[in-house]
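Here come two complexes built around chain A, the first alongside chain B, the second alongside chain C.
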Partner chain A sequence: MALSTHIHQELLPVRSSAPTKSMRARMQDALPKLVLAPSFAITLIFVYGFILWTIYLSFTNSKAFPKYVLTDARAYQRLWRWTFESDPPSSWYTSITNMGIFGVLYIAICLGLGLLIAILLDQKIRGEGVLRPIYLYPMALSFIVTGVAWKWFLDPGLGLEQTLHQWGWTSFHFDWIKNKDFVIYTVVIAGVWQASGFVMAMFLAGLRGIDSEIVKASQIDGASTFQLYRRIIIPLLRPVFLSALIVLAHMAIKSYDLVVALTSGGPGGSAWLPSNFMYEYTFKRNEMAVGSASAVIMLATISAIIVPYLYSELREKSR
Partner chain B sequence: MMRKLMMAAAMLATTALTAHADDVKEVQMLHWWTSGGEAAALNVLKQDLAKEGYTWKDVPVAGGGGDAAMTALKAMVAAGNPPTASQMLGYTVLDYAEAGKMGDLTETAVAEGWDKAVPAALQKFAVYDGKWVAAPVNVHSVNWLWINKAVMDKIGGTEPKTFDDFIALLDKAKAAGVTPLALGGQNWQEATMFDSVVLSTGGPEFYKKAFNDLDEDALKSDTMKKSFDNLAKLKGYVDPNFSGRDWNLATAMVINGDALVQVMGDWAKGEFVAAKKVPGTDFLCYRFPGTDGSVIYNSDMFGMFDVPDDRKAAQIALAKATLSKSFQSAFNVVKGSVPARTDVPDTDFDACGKKGIADLKAANEGGTLFGSLAQGYGAPPAVANAYKDVVSKFVHGQITSSDQAVEELVKAIDDAK
Partner chain C sequence: MSAIAAPGRTPGSSIVPRIVIYGLLVFFALIYLIPFFVMLVTSLKTMPEIQHGNMLALPKAPTLDPWVRAWGEACVGLTCEGIHGYFWNSIKMVVPAVAISTFLGALNGYVLTKWRFKGHKLVFGLMLFACFIPFQAVLLPMATVLGEFGQFGKFLTNTTGFTFGFGNPTVNLVFVHVVYGLGFTTLFFRNYYEAFPTELVKAAMVDGASFFQIFRRVLLPNSLPIIVVTVIYQFTNIWNDFLFASAYAGSGDVMPMTVALNNVVNTSTGVVEYNVNMAAAMIAAMPTLLVYILAGRYFVRGLMAGAVKG
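Let's turn to the complex of A and B:
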């Protein structure tokens, strides 16, 4: 740091004394900016611009098409009222409670299972090269494929239950996908199946990056395997937890296709997530203002969780 | 390399230009009739137009209910590049007309006599502000029972005339160990069946008041409560695995004799016909018990957009061909629905089709032709979907009593209005 400022100061007078920089040097200066400019502009418009547009629409009276006259916060008032309608559950109430159940279970199970498989695979076992991709491959499937496959598998008349009945275990009963109270857990099952292998790969990479000296040192100090993982290795994986959490959290929030393919909304709409609610209201029910308001609330919720976490993690790193 | 690229670009540009020049003789059509029978039905129209020298350009978007197609349409219209016409349902036409996006077919309509031939109930959706904006293609009717004849004979059943008859018939099937009622537990199917239940329970006047006029007194009346009770009765006759089933799988249960009856619109007939079944010998079509004489309809329309002048000739040709008697007959024979004009001869139709045509004519004249709320012809989409929510929550047990159902229905419809 000190050296570079020193050089910089040295160079400064030279620069100002040279009236024209060489073409090449200027190009080199401008090139990164030039290359980044299009993607920067696209992100600015298509992400942040449309976020603002959505916020604007949520305060209008837009129905099938956008209307640009600002009205009041009626869309938010309706959502607020629906938030507390639990008997019978309003679609919005169902969506947000499902989001809570799905989000917590999906992230927690994916992290737990991913870490466990990664640790087991890290025991220098034979055939790791074969096993690793087997766990990872579900990630290569689209949510639609995962959804349809699990839909057939969990359908009591087609899949698991039917097969076990044919094999003679006739008392077996598993109809969660048809049950309004349990259908959201089938979404968790399918989601975890798809993503935990990916989380495993992230943890595995993290485990491989741990300095073996530290591990050896703790072993010499007489740490048991459990203590080793509990006190040394898992705390060292903290940055991986951060990355995995961010990836999983945004996948959980944007889950839409999985619910549609797996449950087509569930019995009486009992499997809806906020993204389903948003799509339904915006495009099928011609209530664009309500749809936009729900999208804004989704954004606010995810920001409220992720931003403080990011902030604390990143600040710690820069210290 | 560079040169080749430039040549390719030049060729692309010329093809784009020539394509544009051809636009005048081209019909661009957005639709979601992509399944076998539907595509075949549409082919009739393509050939009719080809005879007049118009080429056909499909803009197909798959997906039974047309949600994806409507999203695509919205994008095309918003970008100022509407198709010549698009398959549309009910209130969608009016929404686009209100936004000033639709063309004007009034001249053609007057010349072709659509005003007299097309039932007034349909004109409510095809005419906006005195102008024809859409060409109705067909009329589907919702209040039908589709019955497997072999199963019916086995249990010794006869045509049910009242709701109680129907329950007795279902009991017979249950006793014989057949699934009595094939139902797909998706909200639109449940609500489609409930349309018929309400018409049967409350009669035509009540249906109109509640589901077309959205009269609050009718919606929270005891008759509506009784309708929900009747729906609860019907729910006792479905198999435990019904939730989430697609409508055509439910139809297949009846075709294969696994179930006795399905309550579904006449598009179900297309499935029977595709399975080479003959009405009267393999399957029976009855009106939902207690709804004889009334028809709950929905209709496919071709919405005609406000296109540039050089594309108008093609649009008019399409509109004329769509409502020509020959096409109306040929198309609807294949599709399972009945013609959208009441002066088409029924000679080519099967027994169910003939009955459908006669019923439509009678209902049109008697004023008992009503829009289906479940199918989006009773009220705008926001209301229709709120209604579907309530019915589905009732069927699947989130709403536990008919009192609560009525209360929720009033609240949901009021909220969506």
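Let's turn to the complex of A and C:
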């Protein structure tokens, strides 16, 4: 890393130190930037420009069509009212409450389960090559397929409940997917099923990267396996925890398809996340300004998580 | 290989923990497999068997009929021509989108590592952050712009007789996926080329090789692993996308596979044929699953690269 930066600094002056360069040579100098320019321009326009556009729309009175007369923060005021003064609960209130429940459970269970399976797999397991891909394959599926599969599996009349009834456990009752108070937990189940194997893979890579000398030393000191993990190994995995946390948090906030495929939004929109709220309000309920405002809130939340992380990662690399 | 000492590894330790470990691992493996297993066996059963039988039971007389019907007859909304058309829509969208975004990502990574300029880090940082934004924040402006593209396409048709792709939903989706996939592809190639010896690039430069010659003769021949990782990552992401697909090609015969599948499952005309639904889901899952089975190692590498390193 340090080496390559050095060489660049050596190269650059050579290329730029001749002011009397021919047209052709100057073209050659500009070429790398010209090659990068389209991609960068596309990013500036279609990501950052569009974000500004969305922010702008959130301060207008846009309904079914975009209007470009700035009004005020009316859309945000409505979201605010829907958060704190809604009785009965508004769909925005439902969405952010669901986001909280889903986010916390999804992240916590994925981390816990991922770490547990990774530790189990790291015990010199025969057949690891067969087992490991099994935990990870859901990650290759689309959320729509996952949703369809779990919708079937959790359906009271067709899936798990029915199966257990047939096996003789007739008092078993499991209708969360049709219950407006519990439907969000089915989204957690399917989400964890899909992503926990990925977290497992991250932890496994982390475990494999731990210096075996440290482990040996603590074993000589007579640490039990439990102590070894609690005191030494898990603390060493802190960077993996951080990465996994960031990835899961941003996946949780972006979750959209799973709710659609698994629950079609749940009874009365009771399974909505902010992403679903945004889509419905923008494209189906003709409330573009409110939809845009909700998108801005989503973006702000993700930015608060991602920006410091990316900043520190890029920082670290330059050292 | 494994760095962590396990109790079972030291000779003389009890066999009980080993049994517990294997038991847990197999138990989890079964849980991960069950939803897929149910989907598969259901897709091979007849409707009466589904209604009266057990979800976990193997099909008594496996039939591929639901698969055939899903492919050729299943109802998507009001049209009952199966999902094959939508499957091809997805292929037509995925192939160019993956190719273009991978190619641009390779060039960007090359410039950002071997032809650095002042501010290269800012440029990369801005492109990288684009990977993480919730696409809801750009959804509506993009819809407006794509609408304008459509208008322009109509204008072109009136004047020249061709749309040149403007307003074509597949072209639109290719464009959208290239735009929002660039951050990831650039990230992959940048991190890969970062480790590529700059001495080789320098030597080629001394030999008088041009910018593109170096890329083509020095970098590209050594890029196969990262190309595979990027292609797989992009393929999986774009094939599985639902948000853009439903926003920009959400109805009619232009829908990609994911949207069509969601419609098949939620079509309420007539009796719900669960076996056909499950077969359709299997078909939708097949391409990415195949890639995973054939090149799982690269798939995981892509996920990790997209996740861990900025």
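By our rule, the second predicted complex is superposed on the first by the 262 of 319 C-alpha atoms of A that agree within 3 Å, B and C clash if a C-alpha of one lies under 4 Å from a C-alpha of the other, contacts with A are read in each partner's own complex, and residues count from 1 in each chain.
In the analysis below, a residue touches a chain if its C-beta (ideal position, glycine included) is under 8 Å from a C-beta of that chain, and two chains touch if they have at least 3 such contacts.
Just so it is clear, the model here is predicted, and its values are computed rather than measured.
Enquirer: In the superposed model on chain A, is it clash or fit for chain B and chain C?
Expert: Clash: chain B and chain C overlap once superposed on chain A.
Enquirer: According to the stated criteria, A:G222 is in contact with first (chain B), second (chain C), both, or neither; which is it?
Expert: neither
Enquirer: For A:Y309, is the partner it touches chain B (first), chain C (second), both, or none of the two (neither)?
Expert: A:Y309 contacts chain C only, not chain B.
Enquirer: Just to be sure I read the superposition right, which of the two partners does A:L120 touch: chain B = first, chain C = second, or both, or neither?
Expert: second
Enquirer: Looking at A:G168 after the superposition, I want to know if it touches chain B, chain C, both of them or none. Which is it: first, second, both, neither?
Expert: neither
Enquirer: When the two structures are overlaid on chain A, which partner does A:F283 contact: first (chain B), second (chain C), both, or neither?
Expert: both
Enquirer: Comparing chain C with chain B, which touches more residues belonging to chain A?
Expert: Chain A has more residues touched by C than by the other partner.
Enquirer: Quick one: classify A:G129 as touching chain B (first), chain C (second), both or neither.
Expert: Neither partner.
Enquirer: According to the stated criteria, A:S264 is in contact with first (chain B), second (chain C), both, or neither; which is it?
Expert: both
Enquirer: With both complexes overlaid on chain A, does A:S91 touch chain B (first), chain C (second), both or neither?
Expert: first
Enquirer: Could you tell me which of 7-15, 79-87, 97-105 or 133-141 in chain B overlaps chain C after superposing the two complexes on chain A?
Expert: 79-87
Enquirer: Quick check on my understanding: which residues of chain A belong to both its chain B contact set and its chain C contact set?
Expert: Common to the two interfaces on chain A: residues 264, 283.
Enquirer: Where on chain C does chain A make contact in their complex?
Expert: 1-9, 18, 21-22, 24-26, 28-29, 31-36, 38-39, 42, 50, 54-56, 104, 107-108, 111-113, 115-117, 121, 123-130, 132-142, 144, 179-180, 182-183, 186, 194, 198-199, 202, 205, 210-211, 236, 239-243, 246-247, 258, 261-262, 265-266, 274, 277-278, 281, 284-285, 288-289, 291-293, 296, 299-300, 303-304, 307-310
Enquirer: Flag every residue of chain A that touches chain C in the complex, lowest number first.
Expert: The touching residues are 1, 3-4, 7-8, 11-12, 28, 31-33, 35-36, 38-40, 42-44, 46-51, 53-54, 57, 66, 113, 117, 119-125, 131, 133-146, 148-153, 158-160, 162-163, 166-167, 193, 197-198, 201-202, 205, 207-212, 215-216, 219, 225, 228, 233, 240, 243-244, 247, 250, 253-254, 256-257, 260-261, 264, 274-275, 278-279, 282-283, 288, 291-292, 294-296, 298-299, 302, 306-307, 309-311, 313-314, 317-318.
Enquirer: Which of the residues in chain B end up touching chain A in this complex?
Expert: Within the complex, chain B contacts chain A at residues 67, 70-71, 74, 78, 92, 95-96, 99, 185-187, 240-241, 243-244, 380-382, 385-386, 389, 392-393, 395-400, 404, 408, 415-416.
Enquirer: Enumerate the contact residues on chain A facing chain B in the complex.
Expert: Residues of chain A touching chain B: 63-65, 78, 88-89, 91, 155-157, 175, 177-178, 180, 263-270, 280, 283-287.
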